[in-house]
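We call the chains A, B and C, going by the order they appear; numbering starts again at 1 in every chain.
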Amino acid sequence: MDRSVAGRKAFSLPESDVPFQEMPDRSHMRDDLELPEVSQLEVIRYFSILSQRNFSIDTNFYPLGSCTMKYNPKINDELSNLPGLADLHPLQPEATVQGAIRLLKDLQDDLGEITGLPAVSLAPLAGAQGEYAGLLIARAYHEARGDDQRTVAIIPDSAHGTNPASAAMAGLDVVTVRSDSNGNVDVSNLRELSDSRTAVFMLTIPSTLGLFEPNILEITEIIHNAGGLVYADGANLNALLGIVKLGDLGVDICHSNLHKTFSTPHGGGGPGSGPVMVKDDLAEFLPQPVAEKRSGCYVLANPNQSIGSINGFHGSFSIAVRAYAYIKALGLEGLQSVSQNAIINANYIQANLRDKYNLPQDRYCMHETVLSASRQKDRGIAGLDIAKRLLDFGIHAPTMYFPMIVEEALMIEPTESESKETLDHFIAVMRQIDDETNNQAELVSEAPHDLPVTRLDEASAARKPILRWSPVDLDDQ
Amino acid sequence: MYPEDLKYSKEHEWVRINGSIAEVGVTLFAQESLGDVVYVDLPEVGSEVEQFAKFGEIESVKAVSDLFCPVEGKIVEINHKLVENPEVVNLEPYGAGWLIKVQLSDSSKLDELMDAATYESTLE
Amino acid sequence: MALPSNPSINHPYIPSTDFERAEMLSVIGVDSFDDLLSDIPLEHRHPPMDLTSGLSEQELGSRISGFAGENASPSSGYVSFLGAGAYSHYIPSVVRSILQRGEFVTGYTPYQPEAAQGTLQVGFEFQTIICQLTGMEVANAGMYDGPTAFAEACLMAARVTRRNKVGVVSDIDNRLLEVLISYVKYQDIEIIEITPDTRVIPDDLACIGIQSPNFFGEIQDVERLTNLAHDHGALSVVHVNPISLGLFKSPGEFGVDIVTAEGQPLGVPMAFGGPYVGLFACKKEHIRQMPGRIIGYTKDTKGRAGYALTLQTREQHIRRERATSNICTSTQLIALMVTAYVATLGKQGIKEVAELCYQKAHYAAKEITNIEGYSVRNKGTFFHEFVVTCPREPSVINAELLKQKIIGGLDISNRSDNGMLVCFTETNSKKDIDRFVEGLRQLGEVH
């Protein structure tokens, strides 16, 4: 913005080819419009330079736990931009978009197969929306049975923040269940907490500690005996492809994050897609639309007792195209291999770092391992410092301080996309940083050193927020 | 550092008594745990508060905590300086970083609070 | 007993070889991969999955191109006059080019700001541009889409005013209302309808929610309704079309409290409904109640300028069940597209696009008014959409038009007798408009 020069333009539009129409009277029209005035090269240069100030999967290793930063295949981007897909209006007559609806139906079917929860809606625009839809479905189910006492969502203390936030939006009271000393859901605590007020139990599988609940069958039975439903947060689905189906474990509802497990790009913070999958007897409650095939034609249907519309149109269609392409490119054996390699890679890192970083749970992990920087903290270096020092090596930090039940948590998820050389490099760097905490602590505590900016003053940004450019110098605001 | 002339609650608030007015703030420990304070959400002057009930929120960059009132009565003053300069809570938690002043309605409730030594021992 | 896992295959997306896997397993200290699965119930391991084998890139391309080929679109020679919430606008090559940059496309949410100054600075520009277009003081970095932004705005108004009744002005897009209903369902919030010319509103409204242009394309009296809201202690929430702001007065000029919009018209492909981006802007005094991510300007420890997510204590990862919203991943890349589009079109271009849309729509309206049996329902000022009252069912007319490769306007006969909601943008040439008008004329004659 600050490089605008009056009169510059970056684009030219055609002249109007219709006879001139009187414009509305001036009382409706705006007098001024402050927007950039730059040349086309300046636009290209500006954005190109900015892009070079970003880490990305294309350029860096991102061992972010629970984010599944795997390779985003370029063919997926290309195919989702095809004319005939990218230029379709959402309200076109169904007869004119049979190919699009068919793709959605096929994707629904595949996601249903993978999770073992066959009824699917692709409407939710992100995991959090999928969670919200799932909770609305649970409430609708109970209300349809005339049971309106069910107002409680039981959520583990290790849950992702969106879980209780979504529960609150759905008007549910949040009751927290403890984790036991093995990092699993405390089954006897769960038994105490589940009763006739339990609407739903929200569980991440595998957990946010990267561990599979060994008592999963008992857990789902407890909830069902109390009359509640089991909701699985599918953020960690990358560990389960072809290994186990959530539907077989007693899960009633789940969501998946296409921008995690199914390789669609993170885009710097979205767009995502969070389809919701349910057992057949909950299908009537799914959010609209659901793609169906009726008498040989593909339609976008509205389930009988649908919870309604949770967003404007049909969900993130071009994200769905990418996920569809990914699933088809891998196929059955490929998807099984994804989880196998994801699990091996995470365990390999765990095995190689456990002598230097505390491992709170001495078990094999699934697709992610949670280490603790508590030993380093005792030397005065926090997990945050380690994260910043990793950036100097071109490696993005792992997920930090989450789950909250582990002190100085570092959640590391390499994914199956990374080669053994990358894993070995990461291990070597982590070991070096640990050494530095002993001998050259400021290298770590003042990191990063080699990036365009180092640690930013977030306190001032929060106290006196400056949220937009204005003609007055930013520093004088 | 926990001044001896103050009383303390287990939720890390302190109280300074001036006659029938109680001045309330958060302790050194509290502001250290929070980190740089960026915002304090205080109630309106004139509102009633109960002992140990939530009366506001205090935010840092990475956390938000509830504030629990160590005394009971009516709020007669709030610290407007914190709107522009919330960092004063970190710099002078027992002085200029005070939060609210309460007209006490029941001074016997003060017996529920700890002295400096007792409070400090709870921090170990 | 559990079946052993199928051995991993080699695939372009999975680098490890059999040898490397064996090496890693021995470092881990197990004999086989299955030894890592001991927590998984035996009887449920390796379930059969009815999925086909993997396709090569060529086969994949062929299959998906096949799907694309089954659809009617401009690339297969169709012209469309559909609007109603998603709009056809020309997307400059610059925007597409910027989107090729993998550093933008495959980056993560900027929780580590030092590693994401690109995404953050673009987001800051986005917030700036939204403020400039809407005339508001602050904007967030984007919500999912227009309707969810509108719903979140009403929820925010309820929080700010501590009231639980939301007033919505008639003639809004039903999709806005349906999404709002989904969002307030368990929040103890009542929704009531307000007529656009009302002089009286209840005293306990949290907000008046207005769509302008409304569903039928009509510009509303935002100023009057805003004053009415303020007189009763309620907030004014206005949902706009962002391209129309190239021409019409910004809501900020009327003292509106929260502005929302669907950002899709600003350089985002229609893509059969998404992904889009919800625009959200409000007055600075309400900033702590604003949902969504916010990017702030600050300095690093060496005094260099930079950007970071700020006011994060509003969000779910800190405040959990007391968060302003559960939103986590939103639509950052789409916000980038919008930013690139507006930067490219610039001050002059945005104005020109809006003017072109206005010109084409009003030309079409004149021509349609002159057809026997057809009339334009709109009385007041409209932007680029209006309602045509047809001499017969719009569905019948549209079915016939389709044979001429014309996708007619939206059949809204459930809200307006024999009504068709048509939209004209800079992508519709005079030739196409004349062909559409001629088609309508012929179908009006056949009775």
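Quick note on the criterion: a residue touches a chain if its C-beta (ideal position, glycine included) is under 8 Å from a C-beta of that chain, and two chains touch if they have at least 3 such contacts.
Small disclaimer: the values here were computed from a predicted structure and weren't measured.
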Pair sharing more residue contacts (C-beta pairs) when A-C is set against A-B: A-C
Core chain by centroid distance, with centroids computed from Cα atoms only: A
Centre-of-Cα separation between chain C and chain B, whole angstrom: 45
Rounded Å distance between chain A and chain C, as computed from the means of their C-alpha atoms: 19
Centre-to-centre distance between chain B and chain A (centres being mean Cα positions), rounded to whole Å: 39
Contacts with two or more other chains, residues of chain B listed in rising order: 38-39, 59-61
Where chain A touches two or more other chains, by residue: 458, 462
Contacts with two or more other chains, residues of chain C listed in rising order: 312-313, 318-319
Residues of chain A that touch chain B when the two form their complex: 458-459, 462-463
Touch list for chain C against partner chain B, complex: 288, 312-313, 318-319
Residues of chain B touching chain A in the complex: 35-36, 38-39, 59-61, 86-87
